[in-house]
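Across the two complexes that follow, chain A remains constant while its partner is chain B and subsequently chain C.
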Partner chain A sequence: MPVPTDLNFYIDPARCIGCNACVQACSECDTHKGVSMIQLDYIDRSRSTQTVPVICMHCDQPTCAEVCPADAIKRSEDGIVQTARKARCIACNNCVLACPFGVPKMHDAASLMMKCDMCYDRTSQGLKPMCASVCPSQALYFGTREELEELRPNSRAVDSFRFGAQVVSTRVKMLVPKSFAENLLAVTAPLERHHPGAPGAAYVDPLLANLYEEEPA
Partner chain B sequence: MAEAGPSALDPSPDDPFGPHAAYSSALRLDTGVEPDRIVDTHCCFCGQQCGIRLKVKDEEVIGFEPRYDFPFNRGMLCPKGIKRYLQGGHPDRLLSAYERDPAAPGGFRQLGYERAIERAAAEIRRIQETHGRDAMAVLSGASLTTEKAYLVGKFAHMALGTSNIDYNGRLCMVSAGAANNKAFGIDRAANPWSDILGAEVIWISGANVAECAPITTDYVWQARERGAKVIVVDPRLTPIARTCDLFLPIKPGRDVALFNGILHLMIEHGWVDREFVERSTVGFDELARSVAEWTPARTAQVTGIAEPAIRQAAEWWGTAKSSFLMHARGIEHSSHGVQNVLGAINIVLASGRIGREFCGYSTITGQGNGQGGREHGQKCDQLPGARKLADPEARAYVAGVWGMPVEEMPQPGVDAYEIFRKIERGEIKGLLSLCFNPVVSLPDSDYVRRMLAKLDFYVAIDFFLSETARHADLVLPGSLHEEDEGTVTTSEGRVIKINKAIACPGQAREDWRIVQDLARALGREHGFTFSGPRAILEELRVASKGGVADYSGISWEKIERQQGVFWPCTSEEHTGTPRLFEPGSWNVVARGNGPFYFPDGKARMNVATYAPPTEDVDEEFPVILTTGRVISQFLSGTQTRRIGPLLDMDPEPFIELHPRLAAKHSIVDGAWATAETRRGLLTLRARVVATIRPDTIFVPYHWPGKRSVNRLTISAQDPISKIPEYKACAARIRAATEDEAREARG
Partner chain C sequence: MTRRDPEEMTIAPDGRPLAEQPKWRRDFPIDVPQDQYVGRREFVKFLALTSFAFAAGQVWILAKSLFGVRPAFPEVEVARLSALPVGGFLQFDYPAPGEPKLLVRLGQDRFVAFDARCTHLSCPVIPQVAQGRFHCPCHQGNFDLATGRPLSGPPRRPLPQVRLEVRDGRVFATGVSERTS
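Presenting the complex of A and B:
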C-alpha cells in the first residue's frame, strides 16, 4: 500500500529543541531496529542551542538513486525514496557522498546503505512515522496541508533547495516564516560568502543584549 | 553503617551491580517479532506522565509504541520515555535480597527474601526498643505511585510510629507547594495545560522546559503560532529560550526581585486588575507598599537584567488579556524559594488572570508522581488528603480511618536533610529508604555519605543498587514502574493509571508488598493487609475525603473512562476539577464564599521579600555555581545512567561557562576545568558557550562520585519549605592542573 499522497512531512527547525527523541525513536522502528536513520546537528553550539534534525527529504529526482551504479535505490510512486535493496547494494558509498543533504549512511556490518523510508511500514498503514509521532516540539510534523495550515498560520512550506548549481525539489517540506519571500532555499549561500561562518552584521547576541552590567566589559 | 569507601563513590567496571549501560539485543532487535500484548500505560519519568504503550514478548518489555489516544501528549515522547524499556531485564536488576558482605563481589551477598524481611524487622525492633520509636527514620520518594506513597506514610506513622519520615519531593516541589498553600490555600496546578494554548503571553521563569518537560514545548510553540509572546527568564539561554520573544538573562537566585520590579511597573502604569484584586484577594495594599522600592533601576541592578528588557516584560505582562505563567526548580531551589514563588503568584493575582480559560498559573512538577506523592502523607508534616499532621481534627479523622488510637499518632517530624543532621546528633539510628538516592541528589553530599555510614542499621528497597543503597546493610529487591499498577497525579493535577506490563522478576516484589511484609514481620500488620493497589486506593479515597486533596470520587474505572480525573473529585458523579479558582466555584474550605481555598474564599497576596543567596559571591569565590538537568538523564540517574542510548547522549557531566569567563582563566572548549566551592573541587570538561551568563557556571547533577556537582553545592535551605539551595552558591573556576585532569580522565 502506498503512503497517501495528501500526507506530507514537514520540518520546522525553529521549533527543534535538540532533544534527540527523533534519533532515538527512529532506532525503534520495526524494519530497522537498533539503527537510527536520523542525525541531529548543532549549527554552532558555541553560540546557540540551535539544532537541526537531518532526515531524508525524499527528493523528486533523488541524487542518491541517480549516482547508484547498481540501481539499488528506488523511488516509489508515492514519492518515497526507499532504502537500498540488499540484493543489489554493493556498498560503494556513491550515494553517501552524493546526497546534498548528507542523509544516506553506510552500515558496514551489513554492507548496506540504509536510509529513511518514511516509516513505510507505518505510513502505509495510516500511522505517522516514528520521529514525527514522538517529536516533543513537533518540529517534525506529519499530516495534511490543511491540518498544517490550521496549526501553523505563520509558516509556509518550501520544497526547493539550491546547493551550489544544483536545485532539488523534495517530498518533505521545510517550514519557513510567512514573511520569508523566497520559494527556493539557498542552502549553500553562507558558504559562498567571503567569510564563511562569520556572523552577519545584524547579529545581536540575545543574552548579552539584555544583560545589566555595572562595568561593561 | 557501611564504611563509605572509594568503591561507593566510583564503582569499578567489573562491579556486579554496575552501573552497566544496557542496549537493545536479542528479541528487542528482532524485526519479525509480534508482541504478545501491548500495555497502555505512562512514562516512568517526569511529572508530565506521557501516555506510552509498552510491547511485551515472553514476559519482557521489548519496546514501545506511541500512545496517540492520550490527550496530554498524543504520541509525543522524549528520548527518556522512548528508551525506558531498556531498564527491564537489565544486568544490574536486583533479583534477590542482599546483605552487606565486604568479601563478596560488589560488597553484598545474596540472601533469601523471607530471611531478609525477618532480619530487617529484628533490627528495626531492636533500634526502636533501645532508642525509641523516633530513632527509626524513613526516606521515601515521589516517583512512587500514590497508593505506595500513601502506604509508606501510613507505615511510618502507624506501624513504625515514628515522626521521622520525609521524601525526595523536599528537593523538588516544596517551595512551590508552600507558596501555593500560602497564596491559594491549595497546592496544585491551577490550570490544565490546554489553557496554555490560547494565552497571549507565556511567562516561563526558571524552567528548562525543552529538557525537563519536553512535551510542554509543543504547548508553548502552539500558543506562539496563535500569536502568543513568550518571555523566558533564565541564567542560561536554554533551547526554549532560543525561540522566545523576550529573554531575560537573570542572575541566579534573584527571581523575587524581578517579580517585585514587574509588580512595581504594573502599579505605576495602572496595569493591575483593581476589580479582581478588590473582589478576590487580600493583602494588596501592604504588598504595593513593599514593592515601591523596586524601581526598574534597582531591579536591573539586583537581577542583572537590562532595564529596557524589564520594562518590556512588564508591559507585555501588564497589558495582556490572557496569560500563563510557569516556573520550576530554577526559582524554587533557593534559600528563599518560597519568596520567589510568592513573587510569581503576586504578578498573576495582580493581573487578575487566573481561574479562567487561557488564564493560568502552574509550577512544572519534576518527578513522575511529584504531585500525587506530595499529597497523602509521606511528607513530614502531612496526613492524607493534604491534611496537616498537627491539626487535631485531621489526626482524629485519619486515626479513625486507620483504626489506631489518635494519641499514638506521631507529631510532625523534620525534613529530609534534617534527618541526616539528626543522624549526626545520634537521634536517628536506623533508616528505611526507597525511591530516593540522596548520595547523588542532596547538596553537600560528602556529608550525606558520612551520615549514612554512622547509622546502626540501614535497609534500602531498590531495583538497582543505587549509590545510596550501596551504604545499606540490607537491600530488599523492589519493583520497576512497569512491574506494578496504581495511580499517579501529573503536573496538571490529573490522576492517571499506571498499568502493569510484566511481573516482578526473581525474588523482587512490588514495593507495597515489601512494606506490608515488614509490617507483618514487626508484628504490626493491623492496617497492612491490603490485597493490592486497588484496595489501597479504596482506603485512600476515604482517608482523603473532605481534605483539600479530595480523591473520594476517583476510581480506576473513572480514570480509564475519562483519560484521567483532575482532583478534587468529591463523589461518584463528580467528573473532577480541571481548572481551579473559577468564579462561583465551590471548595471545601471556602464553602461558597469564593473560589480560593480560604474561609473567605479570597487569595492572599503576600509580601515577597528579597535576599541574596545564602552564600553570595565574594572576592575569593566570585562566580555563581548553578545546577540542573540534561534531556537524556533523570534526577540522580539511577535508571537513566544504565540505559546505553541515553548515556551515550551525555556520557559525562560538564562545566558550562561563557567565553568571556573562559578567556579570563585560559579555559578552552573541551579542556579540563576545575570548579571549586567551600565544600569541594570538581574537575570536568569545559563547555564554552555564549548561552550562559558570564558570571555563572552550570553543571548537570545526575552523576555520582568524583563527577558529582552536589559535592560542591550548599546545604542552605529555605526556612519555610526546607528546599536546598541548588541553584546558587559561590564558586571559582580555573583550568585544571595536570594531576586533576589525569585523575578526572581515569
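Presenting the complex of A and C:
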C-alpha cells in the first residue's frame, strides 16, 4: 500500500529545539533497531545552538539512486526513496558522498547503507513517522497541506533547493516564513560568495574559502 | 509543484526524454513500477525460451536413454549352495566394494538378492526371514522379502534387485536393476 499522496512531511527548522526526541524515537524502531536514520545538525555550532533535523528529503530525481552502481536504491510510486536493498548494496559509499542533503549513512558493521524511508511501514498505513509523532515542538510535521496551512498561517512550504548548479525538488517540504518570497532555497549560496579582496589568489574555491574564513576581530 | 505521473520514469539529470537515454538507464530504472514492469514482448520471450528449454531437455533425456552407455556389470560368484541353508542370508558387496547387497535363500532353488540400503535414508536393512520382510530400524520401514517392495513405513521405492544366476552349485550375481515401483 503506497503512502497517500495528500500526506506530506514538513520540516520547520525554526521550531527545532534540539531535544533529540526524534533521534531516539527513530532508533527505537524495530526495522533498524538501535540505529537512527535521523540526525540533528547544528547550523553554525560556534555562534548558535540552533539545530535542524535531517531526514531524507525524498527527491524527485534522487541523486543517491543516480550514482548507485548496484541499482540498490529505488523510488516507489508514491515518491518515497527507499533504503538500499540489502542484497544489492555493495557499501561503495557513492550515495553517502553524492547526496546533497547528507542523508545516507554507511553502516560498516553491516556493509549496508541505511537511510530514512519516511517510516514506510507506518506511513503506508496512514500513520505518522516515528520522528513526527514524538517531536514536541512539531518541527517535524506529517499531515495534509490543509491541516498545515491552518496550523501555521505564517509559514510557507518550499520543496526546491539549489546546490551549486544542481536544482533538487523533493517530496518532503521545508517551511519558511511567509515573508520569504522565493520558491527556491539556494542552499549553497553563502558558500559561493567570492572574496574579491582575497590576496594572492586569482580563483578562490568558494567552499574552501568559506571553511578557512577568519573570524571577524 | 507539478504532480508527477506515477507511471512516469524519473527524469534523468540531463532532462532528455526516455527514448534518448542510454540503454543502461532504460534497463535499470530508479522507479519501482518501471523496475518491476514486464512488457508483453519480454513475457512472450520468456515463455518461448522456457518452453524450448523444457523441450530440449526431453530430447536430451530421450537421446541419453537411446544412445547412452549402460553400465556393464561383472559376473561375480556370491555363494556356494552348500554354504547357504534354506532361510539363510548372506551379505556381499556388489558390483563394487562399499555397495552392500543381501542374498537370501527362500527355498531349495529360490534365491533373491537386494540392495541392503533402505530406499528412504540409506540405513542398512535387516532381513527377518521368519516375518518375511526386510526391516529398517531407523524409521520402522519394511520391505517384502521376496520382491523387495515396500510394505510399510516411510520408504516408497522398492529395493534395487540383484540379478542372479545359479549354475554348477554356485550363485552368481550378474547385474543390478534399479526399480521405481
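By our rule, the second predicted complex is superposed on the first by the 193 of 217 C-alpha atoms of A that agree within 3 Å, B and C clash if a C-alpha of one lies under 4 Å from a C-alpha of the other, contacts with A are read in each partner's own complex, and residues count from 1 in each chain.
Keep this in mind: a residue touches a chain if its C-beta (ideal position, glycine included) is under 8 Å from a C-beta of that chain, and two chains touch if they have at least 3 such contacts.
All values reported here derive from a predicted model rather than from experimental measurement.
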Q: Kindly classify A:Arg47 by the partners it touches after superposition: chain B alone (first), chain C alone (second), both, or neither?
A: first
Q: Once the structures are superposed on A, label A:Gln138 by its partner contacts, choosing first (chain B), second (chain C), both or neither.
A: first
Q. Once the shared chain is lined up, is A:Glu66 touching chain B (first), chain C (second), both, or neither of them?
A. second
Q. Who does A:Asn154 touch here: chain B (first), chain C (second), both, or neither?
A. first
**Q.** Comparing the two partners chain B and chain C, which touches a greater set of residues in chain A
**A.** B
(Q) Quick check for you: in the superposed arrangement, does A:Glu182 touch first (chain B), second (chain C), both or neither? (A) neither
**Q.** Contact residues common to both interfaces of chain A (with chain B and with chain C)
**A.** none
Q: Using the touch definition up top, name the residues of chain A that touch chain B in the complex.
A: 14-21, 23-25, 27-28, 30-34, 45-51, 128, 130, 133-138, 151-155, 205-214, 217
**Q.** Complex contacts: residues of chain B adjacent to chain A
**A.** 23-24, 28-31, 63-64, 66, 68, 75-79, 81-83, 210-211, 214-215, 217-218, 221-222, 225-226, 237-243, 246-249, 300-301, 303-309, 631-632, 645, 649, 659-660, 669, 687-694
Q: Please name which positions on chain C make contact with chain A in the complex.
A: 1, 3-4, 6-7, 10-13, 28, 30-33, 35
Q | List of chain A residues in touch with chain C within their complex | A | 5, 60-62, 65-66, 71, 73-79, 82, 159, 169
